[in-house]
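Below: a set of structures, written as structure tokens.
Below are two complexes that have subunit A in common, paired first with subunit B and then with subunit C.
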Partner chain A sequence: MAAPLTFNGIHSSPTAPVDWDRMAARARSMRRSKAVALYAFLIAVSLPIILPYFWLVTIAFSARTGVADTVVLWRSVAVLAPAVIAFWLAAVLARNRRQLWLGLTAIALAATAAFAWLVGPDLHLRNFIFLVEPDFASVVRSRVGAVHGAIQFPSVWRAFGNSLLIAGSQTIVVLTVASLAAYYLSRFQFPARAAMLRSLLILHAFPVLTLIVPMFLMLYWIGLLDTLFGVICVLVAFELPFAIFIMKGFFDAVPWDIEMSALTDGASRRQAFLLVVLPQVRNGLLAVAVFTFIRGWEEYIFVFTFLIRNTNWTMSLYMYYVRDDVMGVDYGVVSAVGVFYLVPSLILYVAAQRYLMQMSIGGVKG
Partner chain B sequence: MSAVTDLAVERRYRAASAVRRRTNFVLFLGPAIALTFLFFVIPVLIDIAVSFTDLDRTLRISKFTTEQYQKVFRGDSRLPQVIGLTVVYVFGTLAIFNVTFGLVLALTTTSLNKVSGGFFRGVWLLPRMSPSVLYILLWLWVINPSDVGLLNQFLMPALGLARPLDLMTSAPVALIIIANGFIGASLGMIIFTAAIRGIPEHLFYAAEVDGAGTLAKIRFITLPALRWPISFVTIYQTLSLLVSFEYILLLTKGGPFYDTTVFALYVYRRAFTSGQYGYGAALALFLIVIGAAAALLGWRFFDFKRLLQHPRIEVH
Partner chain C sequence: MAKVEFRHVVKRFGDVEVIPDLNLTIEDGEFVALLGPSGCGKSTSLFILAGIYLPSGGELLFDGRVVNEVEAKDRNVGIVFQSYALYPHMTVRDNVLFPLRFKRMPREEALARVAAAGNLVQVTELLDRRPGELSGGQQQRVALARALVKEPQLLLLDEPLSNLDATLRLTMRTEIKSLQKKLGVTTVLVTHDQIEATTMADRIICLRAGRIEQIGQPDDLYRRPQSLFIAGFIGSPPINMISGEARDGVMCVGSVVFPFEGAPGAVTVGLRPEHLRFTGSGLSGRIAQLEPMGREILYVVDTVAGYLRVLEHGSIAAHAVGEPVRIGFSPDDSLVFDTACQTLVAAARVGPPA
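Presenting the complex of A and B:
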């Protein structure tokens, strides 16, 4: 095994054999320290994101007094951080599957017990009072003695319903109009097809936020300002180019043979579209539906500008005004509203994460 | 006799086909064209028209003038400051977060195993996935200028400060750059990750055999492969940073005073806070032109030939 020329430019004398074991050990430790450095870096940069979200959850389930407490946060971190490290160690050290499961169960039990002992007594659901009490703001204020508040809140279910209505009807309309248009653009030959595809490309990248001033004036002049219908129309139009773009990609991927055999069997183009091609792009429809829904659910700037009456509030406006009104008084309720608002969009995102890659490219978020 | 009927049948068939062609066009493309025309073309026309009027808080047009444009080019003393801030904000966020940090995240997470890398990418997607109002709420709590603020709990002991730090008044521009950057970094991260995954593995092995270290591999293999993704992210994010002001409006409301009012937010504040709709429309026109230009530039990133692939069925 004597190599005349070794790595790193070391010319070993022919008599002394190369110590391969030592070199291997050095390479191993090099690799290990590199991995540790990588993990340390990523954990360090991710903490500023993880901690605030975690804080939000702990406050929502534990805050009692006016101020935002961090005691519960640190206690839960004190339980969870060692638990995560122990999980990781168990996964690395376990020799076989049985040991792994034993270790994980033991750690989970210990962590649950520690959590119940340290944090359990502080947990409660009273911050979710806004779910049952429309006038929760006065209740919250009376707890600390302050009486007056500037804002009259509608019931949270009203805002929830409005958000659902906007996001839901936006989704249905966008899905219908976009799949019709995308199918035609993908499968039919007509004059001006190239020009239309070109303008679709431009529209799909066009920043719609720049149109907010003329859009406001337009809605005012046709009398749709401060109506949910007006907002839905605007949001539908703005989502459309992107949805058509994505759907066209999915239609392009459907093989022609399927359609040809449908036509040979006597179907019309419309029947072929509805009964044969549309089922083939189910994934695309699902992806566009989920993302349009999330966009409608999260929408803030257009609803903030176009909707005024509090019966028209969506969840984002409800959240905004709760923050404005009772922020200094009760962090618990604010974060409970936050959790209530955040959970649906997180669930949808996780469910549709497979499509995130191709969809997020056209997003307008900075 | 039969030739005549054949001709008639064919003519009738042609006519029916033409009718079907037209109804199909209206049926399939009609709604999309109508909506696009109503909500993209007409607003732009309205914007141009309104920018030549004196439309204000009363929402009534009394005369047509060019005074809004005179104001843009001469009268508005605040505009130079706003434009300067916009340049700092856009290129600061882009250079620090959207491109550089996105690249760092993509490089580090792709060199871990799949599960851990996915976990950290998921964490960095969290800000993008949460509604804007909620995301900014968390920022307001973190930078809370009292000793309960999360940041102050770390910084006060670490830097030995006597009084809690108030980033909102002491470093507002840095604050909006960081708050937007946390969201912007994830787009670069996703796109760069996909691009890195697409690099053939054997190139790395070959480089390793040639004695390349980690940095050399990044410098000579990964970065050259990322040239197009990097320019794509740069153009798209420049555009979206230029026109979006949602997070700034929620976080600082453009304040203190006008310290964090970028151009897009300045348009919004002029139109909706001061009620100068005519002036707002004139300012917005510049953004619309820039947006359209950047969208045109975005063409280069799409394979138009593939988009245009010709239909293979002639039946209507």
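Presenting the complex of A and C:
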């Protein structure tokens, strides 16, 4: 007698009955161990990013001039780590929404109380002195008796404004040029179109550092060295290729029909672009805007090389010189400047997060 | 409303000649269907009409005036796309209002016309919604309203029903047809679906590889197809084709001899499934398959001449699979084509074998 055939065509032995329960248990434990491994991996890769931020924020609000005190760090870890674990456990164990909210509220209250008791007395805002006192370096130095040799700092608001100006105008120029160029690349056939697309990517492939010296000389000859305008031009030039490429993906995803329809409805090409096509790529515009702005906000190499006068300093240069000047004395102030520096990016990310989630390279919505 | 003329219109994309030489007149107020398989140049012709493509040669005339160079926005043509192409970021009202934004028109009048157009296609209660919240049929109506609101001189429909489900297709078919008759607007329908074309259009222009294969009333194309291509393309279930050799009053298919009337040579005989019937004499075969279609039953019969489809009225099968049958037909229903030049030989007839 032939052995029975399974649908795969594999002979299964008739003597060994299939133990479904054992197989189900094995599948269950596989699923669980996979989930555990995934979480462990995610925690492992995010810790090196989260820990420095944790250090930065805690130190910014607690460190005192001339005192290297790490106790407050350990205390906040002692409060936060159990709180996070308790939150997670509550989320896993809660059987319904009401239990979940009760649990979370209780943990939040307990954690807040513990935080106020253990860490609260150490918190202060004195490290943020730079926001009101331009010559804070001298003040900080005088606390430990070193009065002379402080760098002349401009007002931090001046640097903040410069950064805002660079990042903002870079964003506006990149958005305008990239959306027009990408639309043209997406919709029109012209000689050397493919070569142009390829060169867009190649332009992005070279390390920009290699171009620092020639760009410095060029800016010097043109007379744009040590001007914000010069830096904006350079940044725009470097950001454009990739922005165009991303925007082209978004324009490719807009169906031709809609545009043809607008044209037959009586719109001119320009009106069709502005009224019908552009609204379809809104998410792409937002994403490119956010990334370009943050690129300009965090820019360091070019501003460091091309800007000299301290009235032209951006936030990154300000941060650099603060670190240079008072790091040995007071890393609390350095951390405070860091916190101040990252607040705008944070606000921008949170505000635009909904749209960024819908972006992927090529503009296909995920 | 306009009379439209194509005079020796040519369209080339690079080296590819999509339309070699199109000559066609569409009368004022006529409902015409451009029918053909995909890639036959029917959509290209439509886009030439709309002004989206420039013809590479020849002349396009609206009411006797050449409009080759007139831009799409100035042609006053309404178009309904296969995808409907509604603007997703606007409400239905703004969608329908869109064509009026480019005409200098007081806002009250524009809104009144939007309301009238919405009323015409019954989307009044949907005006504040967005296209994404509408069903396919509703989107179709909105697209129609948008095409009609500017009172176009020419209405173009690009496969308007292909994205609808079967029942809705039937309703929209009737509605579009009656709307067109009511407004009297010259309408061009582009479709690859022969049912859509035959049910809606006054006249069908059958295209093949950019050339007009046949122009005629829907029943002309069905009853007197001028070529094998049309005979095969029009009709569902498709026509049966029997190839044979005609000489001396007979047509031979293998060993079977059909009585034949006409000039000798290689011929292909077309027989519609509904013209075949089971009789006591005729071509013998065996039922290979049954396809109940509700009102009718389609029998697939294995014969010497290949598989033949026979359509019989009634919903209960009179024959079982494997049963031997004989198939008869009237010589007047036979369509004889010259196999070499693929055209209809009007005088020739073929009868069933004895």
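To be clear about the criterion, the second predicted complex is superposed on the first by the 292 of 366 C-alpha atoms of A that agree within 3 Å, B and C clash if a C-alpha of one lies under 4 Å from a C-alpha of the other, contacts with A are read in each partner's own complex, and residues count from 1 in each chain.
We adopt the following convention: contacts are C-beta pairs under 8 Å (C-beta built on N, C-alpha and C of every residue); 3 or more make two chains touch, one makes a residue touch a chain.
All of these numbers come straight from a predicted model, not from anything done at the bench.
Trainee: Quick one: classify A:349 as touching subunit B (first), subunit C (second), both or neither.
Mentor: first
Trainee: Tell me which partner A:16 touches in the superposition: subunit B (first), subunit C (second), both or neither.
Mentor: Once the two structures are laid over each other on A, A:16 reaches no partner at all.
Trainee: Where does A:297 make contact in the superposed view: on subunit B (first), on subunit C (second), on both, or on neither?
Mentor: First partner only.
Trainee: Mind working out whether A:92 is in touch with subunit B, subunit C, both or neither, as first, second, both or neither?
Mentor: In the superposition, A:92 contacts neither subunit B nor subunit C.
Trainee: Does subunit B (first) or subunit C (second) touch A:271, or do both, or does neither?
Mentor: After superposition on chain A, A:271 lies in contact with subunit C alone.
Trainee: Going by the contact rule stated at the top, is it subunit B or subunit C that touches a larger number of residues on subunit A?
Mentor: Residues of subunit A touched, subunit B against subunit C: more for B.
Trainee: By the touch definition at the top of the document, which applies to A:188: first (subunit B), second (subunit C), both, or neither?
Mentor: first
Trainee: Considering only touches as defined above, state whether A:44 meets subunit B (first), subunit C (second), both or neither.
Mentor: Neither partner.
Trainee: Who does A:261 touch here: subunit B (first), subunit C (second), both, or neither?
Mentor: A:261 contacts subunit C only, not subunit B.
Trainee: Following superposition on chain A, which residues of subunit A contact subunit B and also contact subunit C?
Mentor: Residues 260, 263, which sit in both footprints.
Trainee: Using the touch definition up top, name the residues of subunit A that touch subunit C in the complex.
Mentor: Residues 255, 257-258, 260-268, 271, 275-276, 279-280, 282.
Trainee: Looking at the complex, which residues from subunit C come into contact with subunit A?
Mentor: 47, 50-52, 72-79, 81-83, 85, 87-89, 98-99, 101-103, 146, 150
Trainee: Show which residues of subunit B lie in contact with subunit A when the two form their complex.
Mentor: 21, 24-25, 27-29, 31-33, 35-36, 38-40, 42-44, 46-47, 50, 55, 59, 93, 105, 108-109, 111-112, 116, 120, 123-134, 137-142, 144, 148, 150, 153, 180, 182-184, 187, 190-191, 194, 211, 214, 236-237, 239-247, 249-250, 264, 267-268, 271-272, 277, 280-281, 284, 287-288, 291-292, 294-296, 298-299, 302, 304, 306-316
Trainee: List the residues on subunit A that touch subunit B in their complex, please.
Mentor: 7, 34-35, 38-39, 41-42, 45-46, 48-53, 55-56, 67-70, 176-178, 180-181, 183-190, 193-194, 196-198, 201-207, 209-218, 220, 233-234, 236-238, 240-241, 244, 248, 252, 256, 259-260, 263, 269-270, 297-298, 300-301, 305, 315-316, 319-320, 323, 327, 331, 334, 338, 341-342, 345-346, 349, 356-357, 360-361, 363-366
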